[in-house]
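Two complexes follow with chain A in common, the first pairing it with chain B and the second with chain C.
Entry: the complex of A and B
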């Protein structure tokens, strides 16, 4: 009797233990520990591109069960350092941001290393060799995405040269910004290669009145100008403003217009034949994959084991009104270019151990407007 | 009469000299009528914006909200243009500019905090209002049918009407004298029986009319008005403000209305001249700054220079004797 009782108790204990053991194992594998990612971004900006960037980062963070914590920023170097300090004080596990310059990165790394917080970048590469080397050695730098701005700028200038452009007026974002400098460099290389004369470059236009003024000044000062290239701008309605200025001077269609970075109004002007070529689409995939890199590092399943993961996201080319319409619907809508479920299955290593740098490169190489339309069209 | 003609020639010499400098530097690009006409057209909207800024400036108010009020006015005008056409655009822009300006003036009256602080805070609020009104894409675009006021000769006609209106208010009303008194010394003005708060409120209100006009022309010329955030709208005020500073210096030889236009026209000659000369725009800001300082130093020290010249003349005379 005692032996039977003893056996029953032993078996009960064993079964209970195995049950709890089973629960424990299951819980360890189901989801990563909760985490938070800090994200300095200007969420007050109603530009659909800026909203879509936030939506894509949010989707990537939430795909792994994390929470995105936003602080509003002006994206300047000083402002970002203040934002990062604030996010560290709010005890985040990782910080993703768009660097304003290379020189701010050592300060960011020092702050994050002190606090034990991983950090990642989006849209920007590190041009300064010394800073790059130092950052790549940091265990807290998770990596990030960037585009080949230089090659893209060279290519768009050559595309415009193929359209017959010989004298080009250029608009760009503020000097000193890494992308701006690389695009300037690329445009100069492309122009030299294709025999295009860059007449002048105007920087840091933020309001439509200044954009109109710049274009009208180009028309007045350079009668020979037959192309306008927007290498980058934070001015709202840049292309409609340029098109209006050209139309007022009877130059719409005669002067070829190109732009790096898509905007919502391109379709209308592509169909009218007054806008000619745009490279972009990276504004959604870049922040999404940058966030994926950081999230994977924060939850303990980094995409690359040693050093930061750096992925180059491609520029897409927009040449038809139909594509522009699809871009507006599927890239600038409320949904990210990969849904949280898609990100979880294909980009979070915790759920998919096959993921590594080569896998990500392969995945991103299939990314296009048609790809997003196919996955998300109802 | 002779003095008026001499002063007019002196005033006109500013843009003429600047133009001649650039004509020498890049004759081929600068020696055409189209270039001069474009400079003239480009000077119109900043001049009207400067008229709006001038009211506050005369009263001693530093106002950051001008740009954000212009954006709200343009956005409302653009939205109403889609509903009610040209009339909707004009009325929408003017009424919204006057209403927002009146609110700013009332807050300045009631809250009694420095205008610099108040208008900085209000700019942020107005920018958010502007972005909310602008909707999903962050900007409002108008049909080209309603953009006729942005092209010549309509824009020139609107400019002349605006200039006449500004000239009349600033030179031929009791309000203008009160405004100058408040700007010169508010305490003395108050002790003299001037209702300084009402004068300041009116300066916002009258400035609002010109903001409305500038918004209509901006909307018509650019075809769109984009919302601004993070104090981006403040940049709209900078160049008009420079022209006011120059005009205040020129005031001893010409009227403020004409002076503001001449200053803006001269600044635009420099702007296009530097572009034509192939200089980067970072250099343009340096030259604009140097130009501003040079003109101000020259005019502010005109009396001392005159005295120095007279002294030298006397010394030379005595030496010859």
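Entry: the complex of A and C
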């Protein structure tokens, strides 16, 4: 009888212990430890694209239970260095930013290595070989996501050539910016291949008045110009400004207009036939995946075990008003291009151990406007 | 008897108003500090954040101290951001020859551009507002042209981004500029020219030389800011020093420096204003206030400060 009692007690204790052990293990593994990601971003910019970039990064961080801490930046190299210093002092676990140049990265890495903070980049690759090599050896560089700027620029020039463009006026971001330089290079290659003459390139336009002046100068100086290509710009409402300048000079529709990076007004001009082609669509997926790479590293489940993860997003093509409307609704709304649940299930390795570089590449390759519409219209 | 007491009361009220105006910047700084310290639950003056405030303060204060001389003249220098950018660019190029050339190149470049500003204002009689704006365009353009993107310097140069070095540099500029402003004839000459250049000329002040020297000094200190900006980011780009002119102008105005120049321009305004700006920026950032709201807050505060501290008695004086 005593033995029975003893056995029953021992079994009860063992079962209770195993039950608690199970609960304890489950509690440990349910969610990652709370963490914070610092994000220098210009939240004074009211352009829907810029707002959507912030929303997508926030969604990726919050999907894994993290908190996003924003500091306002002017996106210059010295401004970003100050931002990073501030975020480090606020004890963030990781920092995601859009580098202004390759040459600022060693300073960022030195600061983050001193503080033991992971960092990641978005939208930009590292073109300088020496710097890339040094950064890829750093244990604090989580990696980043970028588009193939060179190929994208070459292809959009060829696409415009197919539309009959022979003489092209170009607008681009400031020289020295990695994307700007690569897009310049790609556009030159595309132009050479397609026999397009690049008349002039104006850099670093950030306000609409300067954009108007640049277009009016092009119209006055180059009567032969039959195409305008915006390779990149931080100017808000760039396309409406260009269209207005062209309409004022009775050139709307006669001069073909194209741009890299989608914006919210494209549908209207595509339906009017005064805007012709846009390559882009990465402004949402690129920061989201960049944040995912950093978050996975910060919570201890890196996508790539050795070294930084580098993911290239494919660019999308926008040629109809219908697609532009869907883009506005599903890419520029309050919701990210992947919901928190989708990010958790398909991009956070803590919840899905199958995730690795190949898995991510495959997932990103299926990303398109139609894909987002299908997932989010239900 | 009644008349006398009325006059006494009026004089007392006027004295109190004057005192308030004089100490407005101090009160403003105190208010900003207390407000943000409470709102950020003590994070603002935490040890870690003090370094951020110092970093924000450093460049602006360095320039604002010398900017006091230009403000005392009743002039403006809208090229300081461009000088910082150009000095940093030239210094970055010089590092390709030798890293020992970085500091002298930055200082000399700043000094040369400052001299150009002074020459245009003093001898070519170009309004400082227009002249320095034109110089700003020229040197922004040259910076973009020469850099053709961005130029990096060896990462080892970050050794100069140490707080000890920055504090020493700040102290040196503070001592030199304070002595010049408060105790030397040059400071008094600047204020005299700002109050009335004709009266100053009649009193034997070399107005042109005073103007030339003030702008040159601002240029030189911008070169120093350019050097510290360069060693911090280890890169010079076409955006280096962007909108720095507005940060400095906001700081001196925030400190209560009147745009009208002359004797009411107090040296301490440069330090208080720079500190207030740094605290304001850091406080708003810590509170997670978005960029758009930050711009609005800065604009509202600036208008309030100018309305309260502007010395209307000097506004109508023909200089």
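Keep in mind that, in the parts below, the second predicted complex is superposed on the first by the 360 of 378 C-alpha atoms of A that agree within 3 Å, B and C clash if a C-alpha of one lies under 4 Å from a C-alpha of the other, contacts with A are read in each partner's own complex, and residues count from 1 in each chain.
Quick note on the criterion: a contact is a pair of C-beta atoms (placed from the backbone, for glycine too) under 8 Å apart; a residue touches a chain by one contact, two chains touch by 3 or more.
Since we're looking at a predicted model, the values are computed, not measured.
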item: Clash or fit (per the criteria above) of chain B with chain C on chain A; value: clash
item: First (chain B), second (chain C), both or neither touched by A:74; value: both
item: First, second, both or neither for A:245, with chain B first and chain C second; value: first
item: Chain B versus chain C as contact partner of A:236, first or second or both or neither; value: first
item: First (chain B), second (chain C), both or neither touched by A:104; value: second
item: Which of chain B and chain C A:89 touches, first, second, both or neither; value: second
item: Chain B versus chain C as contact partner of A:175, first or second or both or neither; value: both
item: Contacts of A:217 with chain B and chain C, given as first, second, both or neither; value: first
item: Which of chain B and chain C A:203 touches, first, second, both or neither; value: both
item: Footprint overlap on chain A, where chain B in one structure and chain C in the other make contact; value: 42, 44-46, 74, 175, 203-204
item: Partner chain A, residues of chain B touching it in the complex; value: 29, 32, 34-35, 38-39, 41-42, 45-46, 67, 127-128, 131-132, 134-139, 141, 144, 147, 150-151, 218, 221-230, 232-233, 235-236, 271-272, 275-276, 278-282
item: Touching residues on chain C, where the partner in the complex is chain A; value: 48-49, 51-52, 55-56, 144, 147-152, 155, 158, 229, 232-235, 237-243, 282, 285-286, 288, 290-292, 294-295
item: Complex contact set, residues of chain A against chain B; value: 42, 44-48, 74, 175, 199-204, 206-213, 216-223, 235-237, 240-241, 243-245, 247-248, 264-265
item: List of chain A residues in touch with chain C within their complex; value: 42-46, 69-72, 74-82, 85-86, 89-91, 100-104, 106-107, 110, 131, 174-177, 181, 203-204
